[in-house]
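In order of appearance the chains are A, B and C, and numbering begins at 1 in each one.
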Amino acid sequence: MKLRQFFGTTALTAALAASAPAMAWSLKEAAAPYAGTEIDVVFLLRPGYEAIEAMLPEFEEETGITVNIIKHPYENALGEQVRDFVAGGDLDIALIDLVWIGNFAENEWIVSVDEIMEKYPDIIDPDLDMDDFFPLVLNAFGGWNGTIYGLPFDNYSGLLFYNRCMLEEAGFDGPPETWTDLKDVYGPALTGDGKYAFALQSKRNETQSADSFARVIWPFGGSFLDADFRSNLMSEESQAGLKFRQDLMQYMPDGIVAYDHAETVNAFAQGDVAMITEWSAFYSTVVSPDTSRVADCVEIAPEPVGPAGRKPALGGFSLAVASQAGEAEQAAAWLFIQWATSKANAGEYLERGGVPARQSAYADPALAETYKFIPALVESWQDGVPEFRPRFAEWPEITEIVQEWGTKMMLGEVTTEEGAQEIGERMEAVLEDAGYYSGDKPLAQ
Amino acid sequence: MAAPRTRPLYGQAILLIAIMLLCVFPFYWMVTTSLKTHVVALEAPPVWFFEPTLANYREALFEDGVFRSLLNSLIIAICTTALALVLGVPAAFALARFEFRGKKDLWFWFITNRMISPIVLALPFFLIARNLDLLDKHITLILIYLTFNLPIVIWIVTDQFRGVPYDLDEAARLEGASQWTIMARICLPLAMPGVAVSAIFAFIFSWNELMFGLVLTRTNAKTAPAMAVSFMEGYNLPYGKIMATSTLIVIPVLIFALLASKQLVRGLTMGAVK
Amino acid sequence: MRGRVSRGTILAFIGPAVVGLAAVGIAPLLYALWTSLHFFNLTKLRRVEFIGLENYGTVLTDPVFWQALGRTMTLLGIALPLQIGLGLGIALILHQPGLTLLKTLARLSLVLPMATTYAVVGLLGQVMFNQKFGVVNQLMGGADINWIGDPTNAFVMIVFWDVWQWTPFVALVLLAGLTMVPGEIEEAARLETSNWWKVLRHVQLPFLVPGLVAVLILRTADTLKLFDMVFTLTRGGPGSATEFISLMIQRVGFRAFDQGLASAQAIILLIITIVLAQIYIRVFYREV
């Protein structure tokens, strides 16, 4: 029975491929030659991954491909993958945080989408529609130096989550429009009796660089690097942002430097903190009565505006085919990536707690009623800073520096100037080593 | 005579109970937290009485692969302990019984390995294992764990062999026994307590090791401590599940340590008190 | 008098252990030495180049390295006296006559902390010392102490767990020393004076010295190695408050991927360890 079915499909595929490539494409048929292939991928322990995991049986049944999911916490995911790729290990798919893309691409650990299309024309879904991805997201999460490698999979934008009930009680009928208002007007009014106006996750790991440090320098007009790739952290604007963060800390819980996402979201969900700026992915956590005591009060707005405009945090992951994978694995990997990020599955992905990067998925205005974060998210993705954190290969080294001195600043062990000076010098040393200043390397971030 | 003693005895008893409570309380808290649901575990202030659930264990053991990592840890710890004994016991015998040049330096070199931070070896060993295609294999950890197990075995067993009266060897040698026979038939049985003690130590140290497990394994050979660490995603901290995994790792080794506590204490003093 | 045995026999006995330990212990060290003389970044393996002693220069002039080393020594300087003081106290109590059952139980419970997986101790610390739902603050009368997020408190917390885990070890070693004091000598001393301190100082102390030396050696080595518990508890934070030497090297080697620099750091740490071990062992611990 099985054999006959198998024969049937291969014969059919062969016939299709030979006679009429334009005829209707189906996943089942495209995958037939790769049935039985096993592919390995690293997943995080986050909602978007759980969503796809729940949908996975459907894919495996349809294609006969087995997807082995290896789960790691975010903080280990880069190290695990780098070690695997360096060792020529068995990962067939790379999970790429936007700040890792330069690293992965320059090491040629990943295969570009164009190359896949050329090598395996039969497995490309005609409905792939690359233009349907938010261009900013596609380029930032999946692209490096003008080439697209990965398809955006687990997608985030920074949003302002606020507790409407607490704000109303303090006499506000809406969220702060600017960062300055958040600090000067909302801060004092909402802090007291063990409650705090705001919490900014600042733990010494990627959270410090991405969610805390970068979040305050950009809206104030600062940046990590200037046009010549020298440190821009001593500039008036960057310093204004960093000083703002120091001031804002009086309206945050003690020990904010030990807060990771979990602690921050929990403080908000327990009603101890009135506002947080967090990734869209936490929406399901804060509106679910199982994990939140303030589910009915949660509202979402775009991140506040700074003197330099609205510069919300941008983060997220793409999936790309690994170059170390064998041919069948590469094809199977692509089929999986294509399926997981497809237009057709975007709706279900969203329903199960994921955040797709497909413009078409948000076209229905009614969705905004169920998922309050959609308008703010779509707005943030219209235009943002792809180099919110530089995406070049040196980021893993630089982020360690930013994490160390960023937390020291917040603890008051160094001033914002001293800290910025240290980060600047160490960062430039890394970039110097990498050959950016001698002209060996193009200034891409 | 009895009257003046009662008082200090009360004080003593209280102190002893305090010591016991301090030692045991963290384990009590670990086990109770592991029986809490996510919401209960995060209640502030913490609750002491609640409806226990085994869901964390079910999830950890059957969904997250903790069972397999426990098995890996067990295989690795047993094999490396056995290997350390096979290599270490004859070496200890030689150090205790034979005279040769550089003996002191050799002994010192063996013992120094016990002092080396695993991070010193983890980096280069990873690169070597990568070149030899040995990553994520049990044998890799079995071998690298020798760096701390072999010194323990040699340290303790050398001491023990030295305690065996030399006359016995002499008598046997006059009867024409080889050194192997002397070691295996005469000295080893008498040194068995020391061998057992070093085996217990080697097993416990191997079971508890984290850094090599973290760096040198991925999935197939992932050890239990490396597994416990992998739940620490910054997104939500499933404390119940983390404590369930911790309990699963720690309880076997605690039971083992309690059963072997006599030997364990003797071992501490063996390497230490001479 | 002692074994005049052939070289072959000696080799047969000791050779396998030497070869085994050399393969897993020395080969990686040589490789680390080679790495430390190169620019060697895991994410830039195409650019491996010989740079002489540059990595060593970087390490020796980097205040971050010395601060981490200083922090490690501070930890040792605080925790070790506490462990010895408390351990001695416990040993003296256990050494007194009476309350046999209770003492047996106490001895058994002392074994537990030592055998506990170090990584689990850190995880346990996270749960128990959490500011909001941690049991430690609750037991301190509903205190609101921020343990994990405050540099000083985080350090105190690390000291606490180190003391919790290793005081039993010290206590049991010293207890063994106390039991080696010949009964009649101790009896005689007690008849002469009721001052326990005098008995300790003049009669018992000589028997405790070897144990104390062993404790000193092992605790120094283990503090330089300390990684697991801190890694799972604070990861070196907040800021760098608990970033001890092994954690720092791990960060450079496996998070920033600069294996050349990390190898240089590791080798310097190794030299420090060997020098300390040499001093300790040659000075105090005359064996073989």
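Note that contacts are C-beta pairs under 8 Å (C-beta built on N, C-alpha and C of every residue); 3 or more make two chains touch, one makes a residue touch a chain.
It should be emphasised that the depicted structure is a prediction, and the values quoted were computed from it without experimental measurement.
Looking at which two chains touch through the most C-beta pairs, you get B-C.
Of all the chains, the one whose CA centre sits at the greatest distance from that of subunit B is A. Put simply, the C-alpha centre of subunit B and that of subunit C have 15 angstrom between them.
The distance from the centre of subunit A to the centre of subunit B, with each centre set as the mean of the Cα atoms, comes to 41 Å. Looking at subunit A, one finds that residues 83, 86, 203, 205 touch two or more other chains. Chain contacts: subunit C has residues 254 touching two or more partner chains. Residue positions 42, 44, 215, 229, 232, 237 of subunit B are each in touch with at least two other chains. Contact residues of subunit A toward subunit C in the complex are 78-79, 82-83, 86, 103, 107, 203-205, 254-259, 393, 396-397, 400, 404, 407-408, 410-411, 413, 433-434.
Those residues of subunit B whose C-beta lies close enough to touch subunit C in the complex are 5, 9, 12-13, 15-17, 19-20, 22-24, 26-27, 29-30, 33, 41-46, 83, 86-88, 90-91, 93-95, 97-100, 103-104, 106-108, 110-125, 127-128, 143-144, 146-147, 150, 154, 158, 166, 169, 179, 183, 204, 207-208, 210-211, 215, 224-225, 228-229, 232, 237, 239, 242-243, 246, 249-250, 253-254, 256-258, 261, 264-266, 268-269, 271-274. For subunit A in complex with subunit B, the residues that touch the partner chain are 44-46, 70-76, 80, 83-84, 86-89, 203, 205, 207, 260-262, 265-266, 270, 282, 285, 290-291. Contacts from subunit C toward subunit A in the complex involve residues 39, 41-46, 64, 131, 146, 148-151, 154, 234-240, 251-252, 254-258. Across the complex, subunit B meets subunit A through its residues 38-39, 42, 44, 64, 126, 130, 135-136, 215, 218-219, 229-237.
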